[in-house]
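Only one structure is covered here, and it is reproduced in the block below.
Letters A, B, C and D mark the chains in the order given here, with residues in each chain numbered from 1 onward.
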């Protein structure tokens, strides 16, 4: 593989390896996401895709290797800090806050910006600006000070604007659990966007969708990339989705990167075909 | 379609309700007999405890079984502050009360505040290690802590007066103090629940992993909720001690039984609802008085039915199990009774009247 | 294949997981004595089809008939007792039971000591390795050995229909070959097989008839030699437009 | 501490530990399968003791028959509790079952108050006379009951291990503890196996309750609460889900309780605190216990 400079990447995984006991789930991952791109991470079941996500978002600390984001070494930081720094995600099995309304789901995603002091310190240390709507002291919320009321109002305004952009505003007072499946997926992406990320990680967004829903989702993902100015990293096993929208694709098999390139490059790669169709022909 | 009232209308309605409540409480305090007034006071005291308990168990979704421990801390703290030095000297027969507790005496309000602060401090000390646990392990660890507190109360003769307990406390918890504190508790807990902080807590309840992924420092939020809940449990303890006028370390007074009673209240009322917690507390206080008839002797016509002592708790526990099995949302579910809901409810009633 | 005697018949099966419509009207037929395969990408609904037949997942609507009897939404132990065994995805060996006990769990519903002994011998013939490891705990076996055990365990109930969910998953290439060989051998002894596979090539070369699933629907079916030539099959896997 | 007193303490510790072990097994087996803390388990112990008591006093059965009936009754009660209160909640959030379990415990206690009365009853009258005799072993005066209790406990534990490791249903119990759906695929009726597990654990708890009542010869409706809680702690200590762990944890906990008080009599009042301190330390530093395996949570 050609040599890579981590400075060219928004997110870079430098020789990241993740072991669970004897199992090597991710094996020496050396690649990253370039600013503004729509990158696909694909591979058969059990190839280690979700593990890569969990390493990036801080759920796991890699066994070896470092993770860089906007030039900051974020290896081993807590998930909530990483979100504050600008990486947001969705989950393979949708994880909405089902007893909250659509609007509240989005509002919750803004909450970190008023409470996450540790992460703010980390940002300032690296010469970035703090983010958010100001700080929040619980006393202000109890006494409902003008400052606090303004804060709530600002958050509400922004949340509603976001919901309008993703065409969910009319459902804002519905419980998240009452939405149909496709809409729940959309809300989960909207919620991830509400954390104000630079990079958004989508874990199999098309899972469980029918072809029309999938088509719509593909358009939606391309649209939010441009409209919200975010970089997108996408896991998918539905090759059609990835082939349709991703500019660059990384193929993972047994934890190793086996191919990288555009859709057509990847599709004609014999290693990829073998990984997906099985190794029968190869041995016989 | 849901209709909403204007915010200003709601403010007036709320102020009106408060005024009406004050008036009603005033009338009650003048006209009702002491027995009925005692029940009213009990409702408010249970209300404070249940609301603070549901803040943890219902809203933050942490299943704690240690609430009685915080109540105990509050009760003892406040009792030690309101008793006069002379009274203390007379009560502590086996070992004298340690300095400076033997000479301090404060007013009831200060004592109650101190009770809350002390309980909050303990909540922090207990929460810090145990909130790393989840689910049933958290339940059992908090239960363990509350039992430790109770056993300490039983053994620290020179602080708590051991098994003898503290007797003859001034009966400060009148209607105004109890309902006043219930008001404060509800205002504070409600404001928090409906703030950005409260939303974060509810998000944690629904899915802690997703909440963490949304940038919420889950542990810190849970710990804050735990401490706030501990504060009001302590306040409840202070009120409780000065309602009973006695406090001792029996399981039924400040031990596991009390936690179970509180659990019954918030489960019946609807786990996760503040209004539900108050309704649950009121039901528990009223029913446990009203159900006394099943324990006393009854005369129906010619027959005399002998009551069975303890029957009340059998009924409560059955009610509790049945709630869990067939009606898990309880009276309020996770909903609150709001002006908007009442308004819509009345709107829905009206056309029916026209038809009839 | 209408004239052949049917062992299993699935009609218009619909399954939901919460809000997800996982199976959208699956219909398929398994004739007696055949190897039938379901192939398709991940999340297409293959595993759900098997677990619904086995009774682990409840169907919203549709019908499953086994040997002429309606078994829709019957509890799993009843389905097993009627003669359907399953090799679950990921093998699901009981890690804290010995190899022998794992096999005996397979024969849980049986009372005929001699029959069990006979089948045990048969299983040892198929997989001599298991005999050497009889007293070892299931959890200490290698991936390939666990797969052998999972298949043997299912055979111990002497099933009429054996359902296998991704038996080749996670195995080294040579072992994959072996597994497909064993499937043919078991079928040769008279057991009907319903095989779910991600390894489409292997599955199609082993089975007689195949169904291709895509997002909860059957998009293609036919004799396997036809499917092997089909461009659609390639498309289902690689998204080649 | 003199040698004879140490010997006395040793026997007391073993007996108490054995009782904890008997009760802990019920917790650990149920938790292993359903991940449920069966709060009502301690109360089964209490019911067991009462059944034995009334068997002798009301039904005038010989004590050994009354004991067997009481153990069977406890087993039946355990089975019934599962069917009525827990089985309907199998698909619900785990916390619902836990709350119901608390309710069940509360119900059994208040039920006992109503039916048996709240005033403690003396168990001495029904304890057979030969058990009350005292023998001298190396200078230490020890009741025959102590040996009897210890021997019975060990015999019951051995019987349990035999059931779990040598019988078909025991095999199914071990299988179900790691994988419920796959066990169902084997053709085993899940509900029956779970019911059997409850019955088996409850039988041991009932037996434990009777021995407890003979050693601390007073029975009351709340007698099961503390031993139940401590036995649960023993189960966590030993590694929840592991039967041998529960036995080991029970013996260690019992021995520790007796020995700490033996060596530091001034701590006697805090006797009930030790277990909780251990619980919290264990949960903090080694939540898997001595012999437990890690229960993984999937993200």
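FYI, a contact is a pair of C-beta atoms (placed from the backbone, for glycine too) under 8 Å apart; a residue touches a chain by one contact, two chains touch by 3 or more.
The structure displayed is predicted, hence computed values, not measured ones.
Remark: among chain pairs A-C and B-D, B-D carries the greater number of C-beta contacts.
Of all chains, the one whose mean C-alpha position sits at the greatest distance from that of chain D is A. Separation between the centroids of chain A and chain C, computed from CA atoms only, is 35 Å. Averaging C-alpha coordinates per chain places the centre of chain A 49 Å away from that of chain D.
Centre-to-centre, using mean CA coordinates, chain B is 33 Å away from chain D. One simple way to say how far apart two chains are is to compare their mean CA positions; for chain C and chain D this gives 43 Å. Residues of chain A in contact with at least two other chains: 59. In chain C, no residue reaches two or more other chains under the touch definition.
Each of the following residues of chain B touches two or more other chains: 209.
Residues of chain A that touch chain B in their complex: 57, 59, 78-80, 83-84, 88-89, 91, 95-100, 104-105, 107-116, 118-119, 136, 138, 141-144, 148, 151-152, 155, 173, 191, 195.
Touching chain C in their complex are the following residues of chain D: 168, 171-172, 174-175, 177-179, 181-190.
The part of chain D that touches chain B in the complex is made up of residues 35-37, 85, 88-89, 92, 94-96, 98-100, 102-104, 106-107, 109-111, 113-114, 118, 222, 225, 229, 232-233, 236, 269-270, 272-273, 276-277, 279-280, 283-284, 287, 299. Those residues of chain B that touch chain D in the complex are listed here as 63, 65, 129-130, 132-133, 135-137, 139-141, 143-145, 147-148, 151-152, 154-155, 209, 251, 256, 260, 263-264, 267, 308-311, 313-314, 316-318, 320-321, 324-325, 328.
Residues 2, 187-188, 191-192, 195-197, 199-200, 202-203, 205-207, 209-218, 220-221, 224, 228, 272, 334 of chain B touch chain A in their complex.
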